[in-house]
Amino acid sequence: MKLEHLEARIEAILFSMGEAVELSAVAAAIGQDEDTTRKIINNMADKYDSEDRGIHIIQLDGAYQLCTKPEMYDTIVKITHIPKKYVLTDTLLETLSIIAYKQPITKLQIEAIRGVKSDHAINKLIEYNLICELGRLDAPGRPLLFGTTEEFLRCFGLKSLDALPAINPEKLADFRLEAEEELQLKLEI
Amino acid sequence: MSIPIKLEAFEGPLDLLLHLIDKNKINIYDIPIALITEQYLDYIRQMEAKNLDIMSEFLVMAATLVKIKSRMLLPAPENEEEEGADPRQELVERLLEYKMYKYAAEELKDKQQDAARVVFRAPSIPKEILDYKEEVPVEELLDGLTLAKLYEIYKSIVKKQIEKIDPIRSKFGKIEKEEVNISARFVEIQEYGLVHRKFSFRELFKDQHSRMNVIVSFLCILELIKIGRIKIEQENLFDDINIIYMADDIIQMEEAGF
Amino acid sequence: MKLEHLEARIEAILFSMGEAVELSAVAAAIGQDEDTTRKIINNMADKYDSEDRGIHIIQLDGAYQLCTKPEMYDTIVKITHIPKKYVLTDTLLETLSIIAYKQPITKLQIEAIRGVKSDHAINKLIEYNLICELGRLDAPGRPLLFGTTEEFLRCFGLKSLDALPAINPEKLADFRLEAEEELQLKLEI
């Protein structure tokens, strides 16, 4: 099978599926192994980057999805009403970031960090499909464990959880420095 | 001093504390507990105690601050070996962790704004393709599962269930809801009166002595006195109260207007 | 504005709209007259005909729409029918083991043992044809009784449920004793 035909098939798959498609599924559908398929998709991604294309392939945790390029936003808004994505309140963002960085995590652990009840925030995040239940912790009461969803990756433009913004290393260094200074002070006393 | 920001603006007690630390331009590792506690309490005073849940969370933090403050006022034990048992340490750890996630939340917010600029499309798979439903292969589903394994799982569940039983509470008796029917009791008392004519109040509870039953019976007696169907007498103080049934028939509660 | 940028915009528009878009609407969105827009779209259509593309532009009564090429049909059928790997989750295994060893059993009894709601697990096991309804318990509400299916037995090569490994023999003896006492009580009444 010619490479071009395989590319065409992958484009058709991603276009018609709409949602993110696992690499393994794409590979099975075009009858190639995953490594080859990944290479083909990467090659396609380069072509999409060309300036006469308005769409491109994004990667979500080993799955692929077609979407418009960010710079097309203004044009699309002109022709259609893009449903406003929900605005996340500070409460929701705070809760979401704890879940994103500490998953899998229980409600109690979230509340311990925030210092406040978080039922409402958790329910809202589930409603928005940004987090989901990941099973239960094998502890008394078998509390539910929460983690982020694929939709979370999509909404925040992350390829995978590894792409979560690193918590500012400079800030962390500052904190450490302060702590050391403090220690010095103590020793002097 | 007053803090000119509405309380709802804070996510919780840690958030408020961070704000105060920031406002006073102080090092998180070196919180002047006395000053912060005062400002913190000041703040809580301005709080409208509408939501007890929220209020209590702030109060817990206030109590923690006061506790740390008092511990810092106490002279340290002289033979203290472990240095640096700063009572603020735990609070500092919590604040740092919280600050980290608050910071990450801001970063995520930016990411979200960028990511919101792309548009996806809905799936467009022909219906006839989607409608095709595959049968679930049971063999594949049970692949690698043996009866021994299934039995192990079952045993572990049963074991967990036994461990879960509370050795104290499981011995408590059952609490049963009792049903006392006033209108039935109203008729019952009259029936008893019609047969016995004169009887003691106590007699009414020969075999039923739940509190609710006594109360309901007492109410019925009062009502029957009021409508003149019975009268009561008591010869000496603390004697049994005798009830004399005077009517020749029985009326329903509705007829009595009870 | 470069031609390439206009093409990219049109692709983004057709992709995000999904349905057919009037020429006039496309023209307005990219800020060009209809003639120019038509020419650009025709030019794009030629590019889509290239064999490395799986989608193309179709024209419908003066409107344009993106869709997969007809020859992609088989590929799309394949991607939607990729045999899934079916596995029993821990929750399903747990529920199945309880049903296997305590059948016939009601949903409430299962939930009492597991300590959590089990509707989803029971429904999935029914869907997988591993358990089935065995009738109703003669008790208030007449709850459904569940047990394992013949398919389940066949898979484990069991002739009948008697072949299921015995539950802790001592426990079983206890159960039997209880059952007998209960029977005695009933007879006495």
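Every chain is named by a letter (A, B and C) in the order it is written, and numbering of its residues begins at 1.
Quick note on the criterion: contacts are C-beta pairs under 8 Å (C-beta built on N, C-alpha and C of every residue); 3 or more make two chains touch, one makes a residue touch a chain.
Bear in mind that the values here come from a model prediction, so they are computed numbers and not experimental data.
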{"item": "Between the pairs A-B and B-C, the one where more C-beta pairs touch", "value": "A-B"}
{"item": "Most remote chain, CA-based centroid, reference being subunit C", "value": "B"}
{"item": "CA centroid of subunit A to CA centroid of subunit C, Å", "value": "23"}
{"item": "Centre-of-Cα separation between subunit C and subunit B, whole angstrom", "value": "37"}
{"item": "Shared-contact residues (touching 2 or more other chains) in subunit A", "value": "15-17, 66, 68-69, 72, 76, 82"}
{"item": "In subunit B, residues with contacts to at least two other chains", "value": "119, 121-122, 124-125"}
{"item": "Contact set on subunit C toward subunit A in their complex", "value": "2-5, 7-13, 15-17, 21, 25-26, 28-30, 47, 50-55, 66, 68-69, 72, 75-76, 78-80, 82, 90-91, 115-116"}
{"item": "Complex contact set, residues of subunit B against subunit A", "value": "11-15, 27-30, 53-54, 57, 61, 84, 94, 96-98, 100-109, 111-112, 114-125"}
{"item": "Subunit B to subunit C touching residues, read off their complex", "value": "119, 121-122, 124-126, 129-130, 132, 134, 136-143, 145-148, 150-151, 153-155, 157-158, 161, 164"}
{"item": "For the subunit A and subunit B complex, residues of the former touching the latter", "value": "15-19, 58, 65-73, 76, 82, 85, 88, 90-91, 93-94, 96-98, 100-101, 113-117, 154-158, 164-165, 167-168, 171-172, 175, 178-179, 182, 185-186"}
{"item": "Subunit C to subunit B touching residues, read off their complex", "value": "12, 15-16, 18, 67-68, 76-77, 80-81, 83-88, 93-94, 96-98, 100-101, 113-115, 127-130, 151-152, 155-156, 158, 164-165, 167-168"}
